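Scrolling down, you'll hit the structures one after another.
One chain, chain A, links the two complexes that follow: it is found with chain B in the first and with chain C in the second.
Showing the complex of A and B:
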């Protein structure tokens, strides 16, 4: 791996109702853009941004839902092997907040055991602390928002506290907190990855670590 | 979420099995507007994998045979115009029959438990005794009672907590893999620590067997609690490492969504014993089962098979013979003949010709060593992941997904004879140019002339491997030859917990053969040969060497492969049919079918070309330079892919290194 230009690579998965601004959030972070009237992004599986934290290069691979959340049809495989999940809702949309428990259930059911084995203290079967709850204000400008807010910060804080989640309000449009969200997440992922290596003292591969096929090497019968 | 579906598409695909999903990805990839729907609440149809609770729900749905009118559907008859006619679709899936489930693990539980995070798909009080039957005539123990498992809700907090306790203990076990066997009782005591009775019981078992290796005691309660760890495939298949599916996954870059484990062992069943088959050069030379002479014979024969086409004189005279007859003429001991026929060619059928046999061996040898020392790969989290991966690819290129969406009928234009729309259960009309539908959605009327084959399946949860070795993390395939000539060989796949398909200290065993009777009648004799039912009480020594059955399920699945299009009545020319899973070991049939149909519909288009590497995409219209370290930007304008796309690395890989 000495050839690689980074020290860590993490897969971060975004979920939440359609239209809450997941894609805007990713694009704001990875490209510094706020694309108005953003339609579905065709052909983009995930976006990548490399950040430096305490001198270490961390490559963040940020996956979007590819529109499958629109009719509640996200594939289970989308959640597999995610290192962190970002649960997103829109503060101007009560419905998107009320759906959060439903999303949590889905995460509990399908999110990878690898979240556990790779990142989280192994005695915890599913670590909700690795879910970051953010709200994303992206529609209209700030004055609009003050009037249109449907979910109070207090309610969201109570919810995230009850679920042992980290809570942050962002604005992809104004870029408030977007950088902070991903950088904080990266820091936590690094420390958990470290801890995990220490705890397990891995010399042999952990169970459940598969290989992607393009990786396995060749050695033939003859 | 209250969105309603768009109504104009190029291609509507009904069913999310493997061939349909590959087609969806292929169509969307070339810019077609794809709607992909499934009437079920999960992806994959009969290709799906389930958690334990998911499987019980599935089982229950298939045992309640006569619940046709669920939700109210809008009448479609009025929506058909005068110039149109309708072809109605089937209301209920009828591809699964003869389901029988048995629980052998101890079911004494005072608490009502449910799988952590189980989705309450059926809010009615869960899985009742209907899914478990008492085995009477079969000579299996009396105490395999009906299950009293009840999925009444328990506070989520509580469930979560107890689950953590279990995991904590299991982690201890994990720390010293060598000692895992001997820690089993510890795990057990911990998990049932709220029940003193059980604690004592497991202790006494330990003492009784003091001079024998201590076996883990897994209760039904544990299986239910750890149910999320299971990913139980309805169809048991493996990927040939040089097979069509692997090639397609790599070519289309869908491989980035899925990870694999090597199958680690090929086993043979001979004279009542399970043995490991040496198949690579190193295996052959390290084998203790083979004599020096045998090793040379086998190597010589295998080397010949690799290039058999260049030596026609060696087999020409035997073209008409069966492969087993041919093998007798080669200088091979009965031992070797058995290995070659059943475990390498994996073709026990007496109908197999010499050429087919040689071809099978050649294919086996070519696959060998590409990714490991057996020719097979198994996808982590089960076979059910693979259709979903293609669906993801389709969605990334704009395909629209909707599960739990039923289609009532096709609308056919009388004049042109072509299908122009479907009408869904909301009475909404959705127009498209092409329609792809999985066989099980077609009505009895459409299928009245079709002769279906059946597949017999068994799913077992066991406590030990069928062939114990130093490592308890082996993935194995075993072909059990037919007991009497003319019957079918049974394919057995044993998966360990590191394939992410079963909980720690258990094995998930799949049995498959083409049906002659019900699944239980076809497979039970093999199950009895390899396993012994779990009992709490003393077991005799001979039985102790066999793995114990904790839970078993038998069912028959319809095999709709190999049906010619002309067998279906009155299908419009722009409606294409995909089959359900076939009985074969590989996925070649599904891939071939998808590619053939794709080329029929879009003869000039490329099938699943590589997508652009996400790292190289530059978005159109980004006139602003990105703010920071930007090697990674972005355009959707050209979808030319770079070679690096194929070398996409998975994050996990990096974390380990």
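Showing the complex of A and C:
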């Protein structure tokens, strides 16, 4: 491969129940669109966006996965190489929130232990707004539908705290917090990557030993 | 004459008049005003003013002369102007006349064109009148024609009449009703409408009969009539029903045949894929056959409707076939079994991966057929829409595209296949993992080979699994398998090799080395006799050594194989992408997954490097160290006699070279050339570093220095023959030390130092040079101290 024009390359994988607004979130971020009447994603979609953070070019490879059960084995195969997972649920759908522990089990099982997970709640609907929550593991989407909210922000925050995740509510429709979600994530990934090389230089671990790296609060999330 | 007169008196006149005027406008022409002159009292001042006034007068005179010279030309111009006077009057008259004529012509033209416009209007009205008359005549003709046609059962003719009637402008009909014969036309219209209804009923009925009897010509005959009656949708629906029935009966037949297929049949293993193929081919043939009729009689853009109806039947049949497939092949059960096995520390009996082989192949084949079929539909519908939408707006086009996507993405066929492939991926992962484990467990090493069997086996398996995923024609399935293969190689398989390397290369003592080499060879021999060499239960050090070296080779080959695998996959997929499979993102997805796989190659390379470093420090260093230390036992503080004796009986370097040679021989035989080369590189560096330490602890005299120089040359000469790397660089410091130890006098160093160094780049610092000089016992330390470096 030729010398690419970026300083960092990160893989971000979006997961969560079907219909919580993963695709809208990605489209909003990568293309600035909110396509209404989005059909269900088939398999995995792949998008790239390069952002600049503190003068450094960061290429984000975003894998938007299908939420439906039948694609699970395909989407799971992407967890391991992901630098970050965005776990998404819909604040207007209790069910999508209740499924989160199950998603976390999956992450535990398939993802590398270095992965950063974020909880997001995006809102897809067409008349109100969308939530995305980031935790060290997840995002609540659809805050634009706040009046139809079924999952209180407090509950989501408690959950994400217990799971050691960063939580953020977004609206793909109103574009609330969408940029922030991805840019903050990129920030964290950069500092994690720096930390990683530092750790590796200090003690060269025996090959094959996965190293668990503790999360650090890297950038201001405000 | 008058002008001439004026000419003559004007100069005196001018000159007479000018001065006062000059004086009046004194502010303008002369800077000196009359008042100023009057106020002057001094003679000197007056003279000065006078002089200035004289100067001004001269200037004025010159200007006047110049003006007078222009008089002639101005006069001649005046004459011409006077002559033009009468001509202008003539022109004015002509212009007035012309204007009058233009106004007249204009009015005339207006007049004429308004008449033409009226004519045009009249003509248009006439045409409309004729059209309406025609329409009314047609209407009458239709009324009569329909009756006759219906009587004669000439339905095409009747439909054509109705079609004509339906195409008529409704206002015409309205108009004819208001006419004199209104009541009669009303009656006729009623008849016509009745005829229309009757015809519709008849066509529907006849069509039903024809479909029931399977009378294709009749079916097609009435199918063509529907659009004439404005019943496009109904026609397509009814026709589809007929076609669906055919599809269904054929599919049922095929399924019955499947259930009766003997298990020994050549195609038995892929019988369900074959059944699906037959179904798809059948539908494709129907589309192919009937597309022209639909296009001709229903217009472009209608194929979508036909296929939409057909797909419902297709889905129904696919469901049946897949149900039978799942039941007969125990697909779900096998999946659950695999899922249980995949849980680490599961206790259920492991399913034999080989048993999964046929079913995995069949599923991928089924998916490939479906993809092919869906691609066919997409292509047909798209191009049909394209013809119909050539003039349509962007929105309509997008709407059609959306309909098409929805039809193909949401049809049961797509969902069912996605489900099957989802389970397939898990089972294929299990197949890959278990088979790789098996290959590792059955790992054998044969003498003469550098690597053991598992490397080739593992890559054969990985390639097979990815290849099978590729054959499904599903990009997501392929990418998932590439990801899983990356995981398998990067963690599980790399761990196997890593653990083997971690056992280390057993350190052997100096005395062991001779025996070690021969017994390692013996082990290879005995393992060859047994046909197998169990690399798992390593007991003896020799086996451990061999295992370590083989593993190093394995790691290198893995790295190579991954790169090869990447290239192979790339070229295999170009064909797939050129067919436009998987949408616009397919290539990007594939490339990304593949580059992750390729990155694993570097991880193996890193592992190799670690293994080599380990080998160098645990196996080579402990042995090389005593050989180099034996340098101490050879005095380099010698006289002529001893020097000559050394010449005859080499005291150190020859034995050292021999030892190195023997030790490296062991590695050369069992390591791949590339690894051996890296290892000799590491060994050479080690020798250079260690020898330097020893030299710095020894003492020399002039002949001893010469002896060391000779020894170093022999060593470098030998090492040059065993490495492909250039070793001069590694030995640069030692060579320079030898040069210093070989000097006649301390000050001779200055011939080589600083500005005299020539092409030589010193690797020794001045302090080091002094340190080396001090090793010569015959050099006085004061001389060394006195050196200016």
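Throughout what follows, the second predicted complex is superposed on the first by the 149 of 222 C-alpha atoms of A that agree within 3 Å, B and C clash if a C-alpha of one lies under 4 Å from a C-alpha of the other, contacts with A are read in each partner's own complex, and residues count from 1 in each chain.
The definition used in the following text is that contacts are C-beta pairs under 8 Å (C-beta built on N, C-alpha and C of every residue); 3 or more make two chains touch, one makes a residue touch a chain.
Values in this document were obtained by computation on a predicted structure and should not be read as measured data.
*Asks:* Considering only touches as defined above, state whether A:72 meets chain B (first), chain C (second), both or neither.
*Replies:* both
*Asks:* Per the contact definition in the header, classify A:153: touching chain B only (first), chain C only (second), both, or neither.
*Replies:* neither
*Asks:* Going by the contact rule stated at the top, is it chain B or chain C that touches a larger number of residues on chain A?
*Replies:* B
*Asks:* So, does A:32 touch the first partner chain B, the second partner chain C, both, or neither?
*Replies:* first
*Asks:* So, does A:191 touch the first partner chain B, the second partner chain C, both, or neither?
*Replies:* Neither: A:191 stays clear of chain B and chain C.
*Asks:* Thinking of the overlay built on chain A, is A:50 touched by chain B (first), by chain C (second), by both, or by neither?
*Replies:* After superposition on chain A, A:50 lies in contact with chain B alone.
*Asks:* Pick one for A:81: touches chain B only (first), chain C only (second), both, or neither.
*Replies:* Both chain B and chain C are touched by A:81.
*Asks:* For chain A, which residues lie in the overlap of the chain B contacts and the chain C contacts?
*Replies:* Common interface on chain A, chain B vs chain C: 1, 40, 42-48, 61, 70-73, 77-78, 80-81, 206-208.
*Asks:* Mind pulling up the chain B residues that touch chain A in the complex?
*Replies:* Within the complex, chain B contacts chain A at residues 1, 3, 5, 43, 51, 116-119, 160, 163-164, 166-168, 171, 174, 228-229, 246, 249-250, 255-262, 280-281, 302-303, 306, 365-366, 368-372, 377, 379-381, 384-385, 388-389, 391-392, 395-398, 400-405, 473, 496-498, 500, 611-612, 614-615, 617, 619, 622, 624, 626-634, 636, 639, 646-657.
*Asks:* Okay, in this complex, where on chain A does chain B touch?
*Replies:* 1, 4, 6, 8-11, 17-18, 30-33, 40-52, 61, 66-68, 70-73, 75-78, 80-81, 83, 95, 99, 105-109, 113-114, 118, 122-126, 193, 202, 205-222
*Asks:* List the residues on chain C that touch chain A in their complex, please.
*Replies:* Chain C residues touching chain A: 402, 405-406, 409-410, 414-415, 418-419, 421-423, 425-426, 429, 474-477, 479-481, 483-484, 486-487, 491, 494-495, 498-499, 502, 585, 588-589, 592, 595-596, 603, 606-607, 610.
*Asks:* What part of chain A is in contact with chain C in the complex they form?
*Replies:* Interface residues on the chain A side: 1, 37, 39-40, 42-48, 61, 69-74, 77-78, 80-81, 206-208.
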